[in-house]
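Look at the two complexes coming up: chain A is in both, with chain B in one and chain C in the other.
Right, the complex of A and B next:
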């Protein structure tokens, strides 16, 4: 006997109408995700309790001055490599604390990607797809919010701060849009209400009453979306203390480093503890076409304590095994040093680092050639990277969604996860 | 001297990497340069200012990272070199050579050509140089040493580093006489002729971050205290070039780091701007030196140009060289003059030392 079909395997009327809605001009309108309600996939991913923190190196950090150094070669800069707690793995001298947790890191030294500039690179490295495609792809944060988050939670599922992605929720729709904090993880200034809580609640009740009355006579999806957005905003306001780390921060700032990025990483830790599945922290600015080395030195001195302490604190709390921490930017930087003492954008061979969530640390995947000009072995593209990330988070990288009638997959068909990282 | 007849005599080729520092050894015709790799080379310039450029005479080996500053005592006997390798090395310039070695003078050009799949092969230019005996490590710090100078009486050697340390050492004994720390990285430092006051610029080149630091202050050296904070007068500016005039009356301030390379003359007593000179060094100033005649100073920048200025009124007297490069120009990292003020050496990013005759 066949088991009964489950509700999510059917079209419901609303989903059908949403999915097939056409404009007067004949352009299909997004159904925000899927004609098929993907609740089963969501439930499955949620059960795994996976989370992700993306450390976004805005502008593109130099692989040659961080994780793929070329000492003694003409392309080397003035930074020197140091040993780590992994035999044979050397990294930059300005990452001494990271060197002590290198056994948690899985380094990809063979990224070869397709978008060399900032807007397209930021989009590509947040979605896995080129910006020039007509489909509005969903950012990694929106995907993880959908599959690992809980729409009924008071806290948003996709939080970011500082300079970060530019794609938004794409075809997944506004339910999975990012909630943006300030650079240091504080709530936006507009979120501070001048009203007393009881006055705010009375206003909310009045609004609910008016919305309900209005909805009785005007039943349409946009009104419901608006109502839901309001409800979520109120829930968020009630839970806003989760973003306030000001009392705890003084005790932790020496470890994380007294910087926006350090405080952002600490805020990310607290949000992950509270069940937020995705937090992105942007770190400015690695776009060092000029003065690359002093720029990187200043940035790495902030990055090193923040990143290493975040990994250790996640581990101490038993969260690292379910939390993927990704370190990347939109591009790498050229092996050649230009006459501005800078390095320009480079996508033929660069580096990304993953850790946590079951990723096997203490290893390097792929290699660049002796001067870092090209990939020497095991090239990895955007699709492979996102397939690795989603697989590590328990999300099927080939999960299908729809943009209008057009099927869209989370990663391109040929994308392959990096198997040694996932073993 | 009007400088009207000044002209470049030689370009001393050495393109292993950018030449970042240069220094004449006392009143001799010997000139030493350092590069981004930490290598150092010495040339003996001919008495006659004509003919082919001389080849290097001696190699000074010891540093392992970029040379930032070279300073030699007036008697030409002792050379000091500061480096990103955290050390200051002391060299006996009269020491007998310790053997010799062969090297390729155009190793950079040979490498760059090797990256191309077509085109004419570049033949290596080989030469044999003597080896300078080992140097002594005079100072060892924890960060890149970005600043090194003598006090006017040469009794003290002063360094500043990216760890924010300002250190005054007795040059004879090497002992630390005075030391203090600033919050940022030491970017440039100038000391008054009587060694009682210092002008110090700091940086921490972060973008969009509250921890970014661009500070310019005057200090009382004995008390290690700030006497005037001039940061507001140079708001949001990185100042990589500072120099205190030998008469003690003027501080030269140069703006850098890809901004308009403006130069100001400050009244050393008050810290007030006395004059802003024109034109600017496009993309930034890198170095200053006062001419021994007491009436002029020279500036170099990220535009491959050296300018000679009148110290009294700030008027441009002479421009040496032309902007070279594409959208962005090559740099002259550092300049030095012979004590008689007739020869100028410039550390050129393109991989050579330019020798000018000033007349």
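Right, the complex of A and C next:
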């Protein structure tokens, strides 16, 4: 398989930084500080880059009340199905805008997964592996940051907002750790500075002076990694306005819906435009053990405008063909409705939706039985899902890494991408 | 053949201290690897390195001064002797082994997250320099107060405990054999489950005494591991066959039959210690076998780990990959270390002293080559300070809460942030990655600033109040933070920087604090090199 974002196409950070570090403070400042220069190079390197947005339904959305409805069956709830712009595909009445973009959606109705609860399910659905394994697997965001991102970019490669993953970069290391915005879009702890810019500049200049002396004699890799990370933190501070959408937001909030999730989706669009390869937006809270239908009605009304507008805006900008948008949570919900009008966790048959990045839209893969109790055809597990996602992004799903002595692959050996999605 | 005889002769000669053997074998390695050794490190570099390696922190200004001004010969040996009995040494050793055993994300976190009793117990063992075999025996027997936590981590998970015990104390990877016979190695899945048989009967009792949880380990007299064959062939509902316990060496456990009339107590009903004694203790047999001088793995695994702790990489690398056919970078050296360690009754202090006083440990880290830990040890290794070391070093360098000594807390919840941000600084292969998060914390957080900014008695305050010329004050600044005297260019630059507006006290103070910030952020501070 041919990766679409090859490392050698990435801007060579060593070539860029080496000279400047050794030529003394003045030149370094000019080079390091040159946001435009760095940004232009990154844009060039990432032109062909694949990207991914993960819409994370925290708690686990109900497949029976969204994309796999069972009208007339005892497991159906009160929601009615509506038709979509794809012949024969029906979805929930509270997703009317999604119904109009259904031709972009590839729906999996046969997820059968292995971790039934929240922390373990969240881990499993972010890594493709069981949490109990004790190998620190890498989250999907870290993997995509590594293979589609660029360490020389001003912006981090793995951005997330709200309730999201719990595994972190795992064996890939701190370079691929998530940059986690608060759920209302505010910046993470320690990402802003209240020092005057001239103080920061002076400190930076002293730092570079000390490092330049030291680097003459000490060439070991960790030192360089330390200096590059320091410069990256400074560049990030200068580029932080990318995360602030407050000026543009009023013009878009009616389209996306005036919610944290809607604003998160709009922020994701802006970041994807700037070349960030992975953004995850968490949407609370789907864990409807009680009052499932009240919960879902409210949630879907936020989800529907945000998700559909995101897809349309990505398409308008020509980004959808390289941006995979994934809709999923950690579990599905029980076909049986419990005595609190709730649905509990369910992993024997549930749904996930993909679109963009070459995924063929307007189709359904797999099916659940007539009451949604089990998979009727083409079961898909976590490994298959991640193999599909990575393949769509040009990442070899069998790429090998190491945890100490132990080899670790991105997906298990038996994982198979969903072929009809990728053709 | 002649070479081997010669080698054996030299190894058995009692006169040569171990450090001479180390230096001879390492020098031999330079020839094999065709590398040139770096020169020996100067006193300042040795001082900082040995402090960090032996005590987990940097020397205070006063400690540095005394050592550097000492003109006596043999001062390095004197220093090492002092540091090995320093209470910071026991604390540091405890932190290293606690992290090896529990990692940053321990298993069974509800029980193991808080484990002060275990840490105190472990620290005491190192403070008393309890021999390594005795220490491991105690940890497996888990009979002393506080020592139970190792087993607690693997409560009801004998397979995981098998992997951990083999990896940590025997340097051997069994992880693969858990699910399948290893394609290239002699160990089979049955060997794995044979070892698991030693743990399957363990019981963990949790009692609450005041605010503390107290753990007791018991052992049943019955119960076997069930073996179901390769994981790939597993089907739901398939019952396994019981596997008798067997040592990794291949020897089966000689175990008496349980008397017919024996009735196993119901362990679920026991709510108070002590647990009943088992009819026959597998745990005792295992502890004895693991720590026996003739165990082919135990001493080698220990010396390989201790060596890596100081030298940056194991003679077998990674340190937990010893196996019959593994090829150490310096085979004769590994043999000698293990043999002498046993001969010295598993004395850890002695072993560390020999390593640290070898010339091989005392090489400079400067020179060509980008490897963090050169295979042939021609240069000193470079490693990041652990989160704990980094915090301790920041406190010592800035003179924060000096009076509280070892247990001083960091300001503004810095401790929990730093464990999170600096706790796992490497990728899966152990390579350092300077993540952007650690620099966001150092650049923008209030925590480092509050350590630095002038407060009564701290570094900035002392320097501002001093009447000495700024030349001397900058020397003190460098010694306090980087354990070295600045070069003349550095001194000149910093003096000019700090005294740019001599008469404005606020500017001087701000610029001194900026200088401290730059020094604490520099590579020289971040790494043990």
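Throughout what follows, the second predicted complex is superposed on the first by the 349 of 423 C-alpha atoms of A that agree within 3 Å, B and C clash if a C-alpha of one lies under 4 Å from a C-alpha of the other, contacts with A are read in each partner's own complex, and residues count from 1 in each chain.
The rule is simple: contacts are C-beta pairs under 8 Å (C-beta built on N, C-alpha and C of every residue); 3 or more make two chains touch, one makes a residue touch a chain.
Remember, it's a predicted structure, so these values are computed and weren't measured experimentally.
When both complexes are overlaid on chain A, the residue A:172 reaches chain C alone and has no touch with chain B. Contact with chain C, but none with chain B, is seen for A:405 once the two complexes are overlaid on the shared chain. Counting the residues of chain A touched by each of chain B and chain C gives the higher count for C. Contacts of A:196 after superposition on the shared chain: neither chain B nor chain C is touched. Every residue of chain B that touches chain A in the complex is listed here, in rising order: 17, 36, 65-66, 84, 108, 111, 144, 162, 185, 203-211, 257-258, 283, 302, 325, 328-331, 349. Across the complex, chain C is touched by residues 134, 136, 156, 170-175, 177, 179, 188-195, 199-200, 202-203, 206-207, 209-211, 213-215, 217-230, 232-234, 236-237, 401-406, 408 of chain A.
Across the interface of their complex, chain B is touched by residues 74, 78, 80, 163, 183, 258-261, 284-285, 290-291, 294-295, 297-299, 302, 338-340 of chain A. In the complex of the two chains, the chain C residues touching chain A come out as 105, 107, 160, 173, 175-176, 318, 320-321, 365-372, 382-384, 417, 424-441, 443-445, 487, 489-490, 493, 497, 510-511, 514-515, 517-519, 521-524, 526-527, 529.
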